[in-house]
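Chain naming follows the written order as A, B and C, and within any one chain the residues start at number 1.
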Amino acid sequence: MIAAALVFIMHLGFATVESGLTQSKNTVNILFKNTLIPCIGLLTYALCGFNLMYPGFADEDPQFWFKFAGFGITTDEAGVTSAYNVGYTYWTDFLFQAMFAATAATIVSGAVAERVKLGTFLVFSTIFVAVCYPIAGSWKWGNGWLNRLDTPFYDFAGSTLVHSVGGWGALAGVMLLGPRMGKYTSDGKIKPILGHSMPLATIGVFLLWLGWFGFNGGSVLSADPGLVSLTLVTTSLAAAAGGVSAALASVIFLKKPDLSMALNGILAGLVGITAGADQMAADTSIYIGAIAGVLVVLSVLFFDKIKIDDPVGAISVHLVCGIWGTLAVGIFGAKAGTAQLMSQLTGVAAYAVFTFVFAFVLFLILKIVMGLRVSPEEESEGLDIGEHGNVAYPNFIANH
Amino acid sequence: MIAAALVFIMHLGFATVESGLTQSKNTVNILFKNTLIPCIGLLTYALCGFNLMYPGFADEDPQFWFKFAGFGITTDEAGVTSAYNVGYTYWTDFLFQAMFAATAATIVSGAVAERVKLGTFLVFSTIFVAVCYPIAGSWKWGNGWLNRLDTPFYDFAGSTLVHSVGGWGALAGVMLLGPRMGKYTSDGKIKPILGHSMPLATIGVFLLWLGWFGFNGGSVLSADPGLVSLTLVTTSLAAAAGGVSAALASVIFLKKPDLSMALNGILAGLVGITAGADQMAADTSIYIGAIAGVLVVLSVLFFDKIKIDDPVGAISVHLVCGIWGTLAVGIFGAKAGTAQLMSQLTGVAAYAVFTFVFAFVLFLILKIVMGLRVSPEEESEGLDIGEHGNVAYPNFIANH
Amino acid sequence: MIAAALVFIMHLGFATVESGLTQSKNTVNILFKNTLIPCIGLLTYALCGFNLMYPGFADEDPQFWFKFAGFGITTDEAGVTSAYNVGYTYWTDFLFQAMFAATAATIVSGAVAERVKLGTFLVFSTIFVAVCYPIAGSWKWGNGWLNRLDTPFYDFAGSTLVHSVGGWGALAGVMLLGPRMGKYTSDGKIKPILGHSMPLATIGVFLLWLGWFGFNGGSVLSADPGLVSLTLVTTSLAAAAGGVSAALASVIFLKKPDLSMALNGILAGLVGITAGADQMAADTSIYIGAIAGVLVVLSVLFFDKIKIDDPVGAISVHLVCGIWGTLAVGIFGAKAGTAQLMSQLTGVAAYAVFTFVFAFVLFLILKIVMGLRVSPEEESEGLDIGEHGNVAYPNFIANH
């Protein structure tokens, strides 16, 4: 339950990171999205659960919907779910799953920020959270086919199931939306669009790190204290290594120690360790985090080069480092070896195809039906005025 | 104890919500009040406790003062209070009560912001926390008359005892203070005065939501994990439903999805579920929260119409939705029915009369003795300069 | 483990306090330092631990390095450390120690802010965390000589071992750096340089208070709930008393209720109670906190008088109140008396000499080798541009 509270606070972390790393003229819009996403995540999960109780749908099995989605979560007489073979109650599991599902949608939010239509994005999020995430999740956490491979695919707390899933959705959205106006000039230059508040971004990253204690630590809640505390240490060491290595990488590649790179490096380390946080040694965690920190810097530069405009670096952090963390289990994990690595690659590929196609098709349908992108006038003026008729900082003189 | 830490963080939530939703020229003043209120709450409770030890006051009963105030909290040999029939120590109970009492004063703070004199408000808060809150609270939590009705009045974690009490104090203060200059023009128009930082307000609401996990979850701390986790789920679902319904209501009534309404909707849902968080089903929680979310939007519009100027919407959130949540126990609760509803109405009415009259008379006396409102010059220039000789953001050019 | 999460969040508290109390042109620099310090703290501790496993260094004792540093932490077969005679695992202890060590470096960070070279400070921090802190800490927590005095030196959670150690480092740094340009004019005037965001500073202080629940509460984790909750109460009452007394002192000495003084008063109370949080009565905690709150105001004024320029008041909070708290154990503690007071004075003096000399010499060497202070041009323009090529708030017009 404490872990659920910590995972909840991650949504404040996402809200502050994303608003901090974007322009002040879009801040209300980003905060609105990030406030509504956990609300929608909670309600979507609850409403789907309640559907089960209507006659004609599933009379005898109150967990029908979850099974339909492949989750197979059932509760024994004491209300303890089978999904975790520990002392979680059904309700704690519900809070966890809802928060995880909302996380996947939040990742998309950051990448499509500053030009996506609010209504379209909220419809996308609802369907993504209600359909795509649980179907994909069931393959592993619902004891689906990936969990039944000879060497089962392993993803402790969601490098692939949460972060890559969100990352593929983000990539699909950015590809269909195109870059923000003025980001890539006609003569091939990349114009940086700076975030409007580095303190907000820093607050967000620290809150995410804190939340990750719940994310990773909570996944072994009933296990012995030794394992939980080891998980917190591997999580922290990977984050620390990611922050330091990304800062060093920024000195090498950007000539200056860059705060936003260091912050994204911490997130990269956290995403990277998530798949194997329970089975890595302390030194291995440092290697995984350090590699993730370099990867995220290179990835941000690479996506800018190919004109994939991701304002907050969400694709680099969650997709690239999510894949890295998943593969790292096959390289450094308890059962490291070719068999495990092949299983991890299988999982990565399966999630890539399913999630990317799902998100791409869904965004495409919504683009035709509702429109995906705000008008150039609105984008230039800011989505806060256009979508909300309001501004985030009315008492300060803006300098767009 | 974890719950006490979470409830503590609510005071940071209040500080950031209130400063975010008001003008930057009054930010230092609001932060100062919200920083001192929990300090005063803690000390007031402690000093009252220590008074007991002085001879001639109560030699034999170290808990005398609490009894005087009607609380009737006593400890058995093991130091466990009788107020909660669970494993709370006296000290944990003290921290909880002090934090709850300070919450009632903080609610008033938001409504009277941007024109109340600092000294007057701090004197009001101290007396309100030390006298009004514990007397009123004793009627229910001290096993007073409301708890001894045939069908006892029910308020699980303070929809009435904390939130309405604060709300009535806020209403009394606003009525005696009058609206901020320029808010209602002579030709009958309502001029919106926007908050200066939506990120601060958003941070505040998320922290309050987190704190509510402690507020509601902590009130069943020793119960079975199932009940605590159910409470967290009902709390979260009501918050989520309040946020979504207030956002939808803002689209209907204000034509745009309004972030501050969505944020207040979340708080409305939280206040609404507080009275019955331990006995609502998941679907009922959603209904209660959704109705609270609509109520808060209508209430904000209504109070603006009758020129009750409440800068942060505290009366709408805490008083209106506190009453709604209390009545909801009679409508949807475990013992729903006419008898329970009548008890709830009795409680609501009793708290209305006592708290409003107490706060009104106290504010009136202070108005005569100390003055209630700053000068028009100070209000125009900002209370930061007038009361504190300082500004919150000296490095930015203001745009009042 | 929960306590470790709370202590972790203190680093966000330090980051926001320090950036809030300094100028916006140096915000990126301060956030960068405060983000990297906990990362470096974690890695330094981990790397030192791993060094032990290399042959030729210590074949048989995997805890060698800690012993070399005097800590003497060893684990029994179950992985439980001897440093705490409680249910802490080695890993939890590691997280705690790393966070504590990083705290000492963070204290220095605030005092030397706005003019220290980034690289120099990071090298200082790494060595300070890796060498000075553990050697000094071993004297007490590693069962060293101070713990073996006839009346052992007592420091429950680090008034001296963490806060004074950081404070002496801060004093050494400020003495070698000199004041910020323009702070003390040639005609003997003191020009206040205001912090750029009071909400950030307030957020920081509340987070530090929250973190202190973990800091102090966590140090008795396995003890009975009564003792832990007493510790939280003494901690909270001292903080509250410090905030109120510093606010009152600011009215007396500065003529206005000053928010930054009230905030520093809370921190002063927290630092003051830390040495004896487990053995003070509730009333004594209030006295200790109230005295700390007055001390911090007088100390800030005093250091300004002697031209020791400490932008955030770190020396006053952590060093002065750390000493006060340590002595308070000899005055008010369970074994109060001349013997205990002499032991406390011995400890204070020993840490003063060792830490100040260590930090002074280290800073002096770095000053010669790397340079300590940025150029006047860079200081005037801001370290954000100079060190990072970036600014914290590109969308607002600055008013330096």
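In the analysis below, contacts are C-beta pairs under 8 Å (C-beta built on N, C-alpha and C of every residue); 3 or more make two chains touch, one makes a residue touch a chain.
Because the structure is predicted, anything quoted here is derived from the model rather than measured.
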Open item on the list: If you apply the touch rule, which chains end up adjacent to both subunit A and subunit B?
Closed with: C
TODO: Give a one-word verdict, same or different, on whether subunit A and subunit C use largely identical residue numbers at their interface, taking over half shared as same.
DONE: different
Task: Separation of mean Cα positions, subunit C and subunit A [Å, integer] - done: 34
Task: Contacts with two or more other chains, residues of subunit C listed in rising order - done: 2, 197, 203, 393, 396-397
Task: subunit C residues within the subunit B interface of the complex - done: 2, 6, 23-25, 194-199, 202-203, 205-207, 209-210, 213, 217, 225-226, 228-230, 232-233, 236-237, 239-241, 243-244, 247, 254-259, 262-263, 266, 282-283, 286, 393, 396-400
Task: Contact footprint of subunit C on subunit B as seen in their complex - done: 1-2, 4-5, 8-9, 11-12, 15-16, 19-20, 27-28, 31-32, 34-36, 38-43, 46, 49-50, 79, 87, 89, 91-92, 94-95, 98, 118, 197, 200, 203, 387-397
